[in-house]
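Common to both upcoming complexes is chain A, partnered first by chain B, then by chain C.
What follows is the complex of A and B.
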């Protein structure tokens, strides 16, 4: 199975929510759509699912055009941000409903539901309603419901955002085992770059309805092609300095080091964060963040510098990359 | 202090709503003399005659109950059958359409329907709908429709859109979504709407009075007004009260049956973790 999205656009009330977007996700690959809220990442997912239809462009699964096919016939497994479980049905009925309306045989339904229940370790919960399940159990039920029909493509819309930080970390390997390392294309929407980096093979950074850059996490971090990607990927945020005219020079806090022949600076304050410390340094180019090991000694007179090859130069007007590394 | 005001307000509301009922019950068990003469001895004030009078009338009183039940249930079903799909589509309509239709519906719901009864009478004559209980359901369901649609539209809007979308992805078509997902989720508001519609047709007087003249087909309010002995000169308060008490029993039963649906918080914990 391959999911292909070709030049899709979506427009609501003359606002372009998605502009000319293309990407491809092949079998067993997980593409994360990453971007600030309102950038159109959920809309993209809805277009693939068939809940909305694109104004332009086409969507293919395995070379079949599904652009104008109803969501019923697309055979897509989707996990919603809110899980969207059916609140009046218990776990068993939630799972059976989709198979039943598709006309599967009773014995086959039983068999498939029981298999998924044991994989998800939910067999003891079958009689519970969604409001009697914990956050993690709800998420597993939503995953189970998506997997049950053996869909061609998985779409995950911020599947972790309703869980607390600890549970999220616990459930990540589970989600990876069940869906992401499977043999189907997966599109994973998130606004959490850490989640995107840890769950996916490829990341598409989106802003204002457009894909800014698609690449591996490493690519995006090391070779951002625009100022937006550079400042969106990587925490603490990249330093942006105007050293030359019409050029913004960006340099990551972790690439700055003390150097007695470097730039003259003054220490403003320090955030000590256990495994590292974040130094806020005032220079003639403005405030610079510097990240270094928590044990690092600070010299009396603060002078900093960085390697020229760690520098990213962007055009001040367009935000596009100027230098090549 | 806050607690005491709360209890005070609460007891006022309870007295306010239960008071008339108790009074009615008291009247229905009182002799006619007891109602006008407070000096009568306590033991001589009570009687079952009112109930005997009401229940032994010819045609029997239960016939009116059955008539009203038939009209009530059928007009409720017709209203819901039309109002549920109508409100579903209105809940999906864009802002302008839903605002315009809201104005119309509010206007129609607030319109004093008594003004319509002459026109309706003409309508009944023209199409020969007089003395027909099923025909009576037509104006009843039409008059309850605006309010039913308003209530149901807003409760359709309260169902998180994702639940319906999930159902679409699961492969449910529109009818299946309504039948298996949306209507079960709306049961609380559907049953309270049903009770409102039922109450309207149970209590309705002018249309029933003008459309139905056959003694065997009268609905409860009209039948009560014709109770034996009532005339311009004498009003049998005791018999009226007894008839109203008997007439309220089915209503009480219905509310008791639907109580669970009305109060249940089915939507609780539906989407958010």
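What follows is the complex of A and C.
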């Protein structure tokens, strides 16, 4: 199975929500759509699912054009941000409803539902309603419901955003196993870069309805092709300095070090963050963030520098990358 | 133990509900009319005995129940259609929503006068239309077979918007993505109405039914204005009969008996409806509260 999105655009009230977007996700691959809220990530998922239709472009699954066919015939498994579980039905009924309306035979329904229940280890929960499930169990039920249809493609819309930070970390391996074990294309929408990096093999960074860059987490971190990607990927945020005319030079805080022959600076303040410390340093190019180990001793006279090959140069007007590393 | 903070609310309920009901029950066990010089004279169960053998009362019970059930049934169906329509996105939805609520905002007496004119023979619009079509005169308000239908129409016109608003509020609590998830599962529009909308709207529907049945069971002003219970008592409701006994015949003892009897019947009715809407388990849990 391969999901192909070719040059799709979507326009609402003369606003282009999605502009000429293309990507491809093949079997067993997970593409994360990463971007700030309102950048069109969820809209992209809705276009693939068939809940909205694109004004331009086409969508293919395994070389079959699905742009104009109904959502159910696309055979897509989607996990909604809210999980969209039917609140009046218990776990068993939630799973059965879809099979029932699609006219499956009673014996087949029982068999498939029971298989999924044992895979997801939910057999003991069948009588519970969604409001009697924990956050993690709700997520598993939503996944189970999507899996039940044996879909060609999985779409996950911020599946972690309803969970608290601790649970999110706990459930990450579980969800990762699910994504890896299914040999289907997965599109994973998130606004959390850590989640995108840990869950997917490819990340598409989106902004204002456009894909800025597609690549592995390493690509995006080491060689961002625009100022937006450079600022969006990596925490703490990359330093942006005006050293040369019409050029913005960006250096990651973790690539700056003390050097007695470096740039003359003054320490402004320190954020101590347990495993590392963040130094805010005033220089003639502006405020620079420097990240170093929490134990690092500070020299009396603050002088910093960085390796030339860690420098990213971007055009001041277009934000496009200028130098090659 | 009654919480001290509940005392003000409890006192209010005591004064406006519980005491009057008890007093009505007390009066119903007495002769209390102009003939007794407006003093309470115990008469054992003479009022109740009279009630059980009063065919006019039982006819009124039948007429009131018929009025209540037919109007509420029509109102729920029409209100559901209106609510589903108003829940869709279209231009000027706010204005249409407001307009559709207008009948309910009108005072009953005013709208009832309007309907009396609409049904008026021979000058009302309906009779005029019939004349233009060359049909025989209907004389809706003087035909005992039709007149109750006229009161039902007026009541449906007035209270459908109220139920529509309750159902609309219910519809808006249902998250959109439930419908989208269901669509991906292959559900049609009709399926989603049956599997999602109706079950999730059930509390709102049962609330409307109970609320409206109780109201329709005590109908007074609408019928008083349109027909005054006529023709030949064919539209007389229990409330109208109780009113007649108290205000025209000045027999407060018997009037109270009618009120208490209809109160008991209404409670029984609501109980039966509740039982049929909710499962036995739910009823038990409400009783425990």
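As a convention for this text, the second predicted complex is superposed on the first by the 323 of 325 C-alpha atoms of A that agree within 3 Å, B and C clash if a C-alpha of one lies under 4 Å from a C-alpha of the other, contacts with A are read in each partner's own complex, and residues count from 1 in each chain.
We take it that contacts are C-beta pairs under 8 Å (C-beta built on N, C-alpha and C of every residue); 3 or more make two chains touch, one makes a residue touch a chain.
What you see is a predicted model; the values in this text were computed from it and never measured.
After alignment on the shared chain A, the placement of chain B and chain C results in a clash. By the document's definition of touching, both partners, chain B and chain C, reach A:51. Touch criterion not met for A:22: it reaches neither chain B nor chain C.
Contact with both chain B and chain C is seen for A:80 once the two complexes are overlaid on the shared chain. Contacts of A:268 after superposition on the shared chain: neither chain B nor chain C is touched. Applying the stated contact rule after C-alpha superposition, one finds that A:88 touches each of chain B and chain C. For chain A, the partner touching the most residues, choosing from chain B and chain C, is B. When the two structures are aligned on the shared chain, A:135 is found in touch with chain B, with no touch to chain C.
Of the two partner chains placed by superposition, chain B and chain C are both touched by A:101.
Looking at chain A, you'll find residues 49, 51, 71-72, 76, 78, 80-82, 84, 86-88, 97-98, 101-102, 145, 149 touch chain B in one structure and chain C in the other. Of all the residues in chain C, the ones that touch chain A in their complex are 175, 177-178, 180-188, 191, 195-196, 199-200. Residues of chain A that touch chain B in their complex: 46, 49, 51, 70-72, 76-78, 80-88, 97-98, 101-102, 130-131, 135, 138-139, 145, 149, 162-163. Contact residues of chain A toward chain C in the complex are 49-51, 71-72, 76, 78, 80-82, 84, 86-88, 97-98, 101-102, 145, 149.
For chain B in complex with chain A, the residues that touch the partner chain are 160, 162-163, 165-173, 176, 180-181, 184-185, 266-273.
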